[in-house]
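Both complexes below contain subunit A, partnered by subunit B and then by subunit C.
Now for the complex of A and B:
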């Protein structure tokens, strides 16, 4: 069974730009993808410190792919694509 | 040797202001000054009398003004009560240098208690009278305190608690308080001053009818002990090539260690080759959750958590279970706190598009130093890296 690894940023910028709702999102993703998804909360992905990128916070990393404006919809779409490419 | 200072107070039942006042100041030389004052009556009037007295005496002690002269000035400066036609606030002032040389001056408060090796000590004292107030006498003590000693100061709200009640016709009394302190210290030899002061006050309150304080009840404790040291590393260093050096300093630190900041946690993790773990289902609350790293006692997010912890410290909210509450607990269970503050700014934090205003890290830390020193009597140093 293919498994996707999701890292959710808990850094300051991501948190104030919407990451505060992450708990809810993490719970929903766990229910939706069950064993196909491994979720890791990380202290900071350092993505916002790359120039001009901070406008896209909150960030997530899905199997090495940096995702800006992370929310339930954008993350679900990418995970589904990755799982269907299997 | 570190002098752990703690105080706990209760207002007289139904009053909206404390009639007793406690102030303490840790001088740069390592000297500690503290004053406990009890104003005549209760409520606002008592509060003004006690606050004026404690503030004046602290200033006089800071400037080494002779105590007789200081006491005269204080007694003459207090506003006169319209009802009683007198002005009055009792006080206990204490001055301890870094070597443990103690000087206590008392006027009107119950005599302080000195505990050494779980035994009550009875230090000698000299007495001087006020030229303009002949019925007011100052007791002056001078002695040397050693590691493990404790000094306990209280207002008469403690010793007279429950006075007139069937079980306490003379109040709880100083003797009963001493017995309670000896028993408590025997059971908890390393009990922090703030905790012991709280226990004493809460025990005194139990003597009162319906547990409603009939007077202001205050207790202050000084405990001479080995310092509990803590280091907080927050913010990436200005020069990236020094990441390794500061990470090593953190790892080698002889005491408790905390990291406040995602980027800081990442750089320490990289340099020390230790993983940072945040539980996926950790309870977030309204702050990012705490993380774990081997060898580090606490890892949190930076600015938001520090800002919230500062709020909790300023407001005296000490039992909150979010990451800032855990940080507050970490700080308050330490005596000497060192902040290693990285000077590198994360530009993203200062983007006007951010929905909240984020304060500059060094300002938060400076405010935190102030509140930890002035309200919680900690010794705090900051160095920027």
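Now for the complex of A and C:
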């Protein structure tokens, strides 16, 4: 079975810009994708520090692909793409 | 929290971060003026409103609140840079904590009762006879409400056997437990400050993010920048709202420039003991019940709307009150800043001259982002005073009652806690009944917290209630119990 690895940033910037949202998202994603998804909360992904990049937080990393403005919809879409990609 | 609220929170936070960044730059006023243009540069997408100019106008208003001013008093021709300069010169924060962004408010329709397509044009027409104001007539067989005559009493709604009549609501009006906010004839929401208890429920409820707290972020930062001794006193709920270990909080505040950090849990220990003593005395005098006194919104509620409940409220002061007293005694020259999970504490801070300023968790978060402080890399440090487990758990619904129980030295079965987890129109009615009848059927120690979940559910929080409750609980459990203290 194909599996996707998702890292959700739990660094300070991402937490302030959407900590509650990310917690809800992780719960929802686990229900939706069950065993096809491995979720990890990680430290700052280093995406937030340059100039205005904080505004696109929260960030996540899906199989090596960095995603800004992470939320349930955007992340679900990318995971579904990755899962159906072969 | 719903997604819409999170989206507006994010927008507000972004503005605060930009304000702090501007403050840190060498041209504060000019960089503040540019905020709306940086957020919506020429040719950029217009995510929320009709056009880029409107978006910028709204962002400008939000920045005014972020600078600590009332958006209602904006004449629209004053430059943001002038507001920035005024914020620098201001000696005292403004009087009323909340302000409404009027140009974000306009799109929201006033509340009305109307007949939907589900109306079956029935023969009995109970709606017609239910209406005392003659506001319903029959047009083409279907009921129709004359808005000019309708008083929105809702009698027709309950009379309709098909539930075909509905009432639309205005989210802020619906959320306010004391009817302090309402849409006026002009279609804009206005806050009646004589009624407002600063609970902030309207802030969380508005899907347009129109209600704001007037921020004191610049007031705090300018004192730090001036090299003053600025001391942070943080609410116990903070531990649940930051992605780090509690022991890293102290270092994070020091990095911002605070010279000392106190846990407000320290004062909560005093509150718990004082309240236990107060309760014993009241029981000895035959009192039927006592309510807690630490929630600022509840205290305002009693003062403004239910003075008859006052005799039942504990004389114990809030944890913040005792903490500020301790801090000012140890550091008489210090500027004290309370770090708050909610908006209601703004009122308490304005009324207490031992507390100079207040920042909420969102504002603290914005400062951390602007200064590039990754809190989970901060060094671990202990606090000078170790608060009890119960004091650290004050922030969770039921926590205050538990702390009084732990500090209780009387007969163990004399206390029966009753928990009011969130003030809303229903619990408000209950409280009124307790005051009127002089008794509370649920228990004799009534804990009242205005926010659902307790202070961990405060409306300026960053995490979910569930996650924050868990984290605060774990931190609390690492300490000793008031029960074992003699």
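Brief remarks follow.
The working rule: the second predicted complex is superposed on the first by the 84 of 86 C-alpha atoms of A that agree within 3 Å, B and C clash if a C-alpha of one lies under 4 Å from a C-alpha of the other, contacts with A are read in each partner's own complex, and residues count from 1 in each chain.
One rule holds for everything that comes next: contacts are C-beta pairs under 8 Å (C-beta built on N, C-alpha and C of every residue); 3 or more make two chains touch, one makes a residue touch a chain.
Because the structure is predicted, anything quoted here is derived from the model rather than measured.
Annotation for the three-chain superposition on subunit A: subunit B and subunit C clash. Between subunit B and subunit C, it is B that contacts the larger number of residues in subunit A.
In the overlay built on the shared chain, the residue A:40 is in contact with subunit B alone; subunit C does not reach it.
In summary, superposing the two complexes on chain A brings one listed stretch of subunit B into steric overlap with subunit C, and the stretch in question is 200-208; the others among 128-136, 164-172, 200-208 or 218-226 show no clashing C-alpha atoms.
Comparing the two interfaces of subunit A, the one with subunit B and the one with subunit C have residues 10-13, 15-17, 19-20, 23, 43-44, 48-49, 54-55 in common. Contacts from subunit B toward subunit A in the complex involve residues 261-263, 265-266, 276, 278-284, 286-289, 291, 299, 301-304, 346-349, 351, 353-356, 358. Interface residues of subunit C, counted against subunit A in their complex, comprise 1, 3, 6, 10, 13-14, 17, 38-39, 241-244, 362, 365-366, 368-369, 372-376, 461-464, 466-467.
For subunit A in complex with subunit B, the residues that touch the partner chain are 9-13, 15-17, 19-20, 22-23, 26-27, 30, 39-44, 46, 48-49, 51, 53-55, 57. Listing the residues of subunit A that touch subunit C in their complex gives 10-13, 15-21, 23-24, 43-44, 48-49, 52, 54-55, 71.
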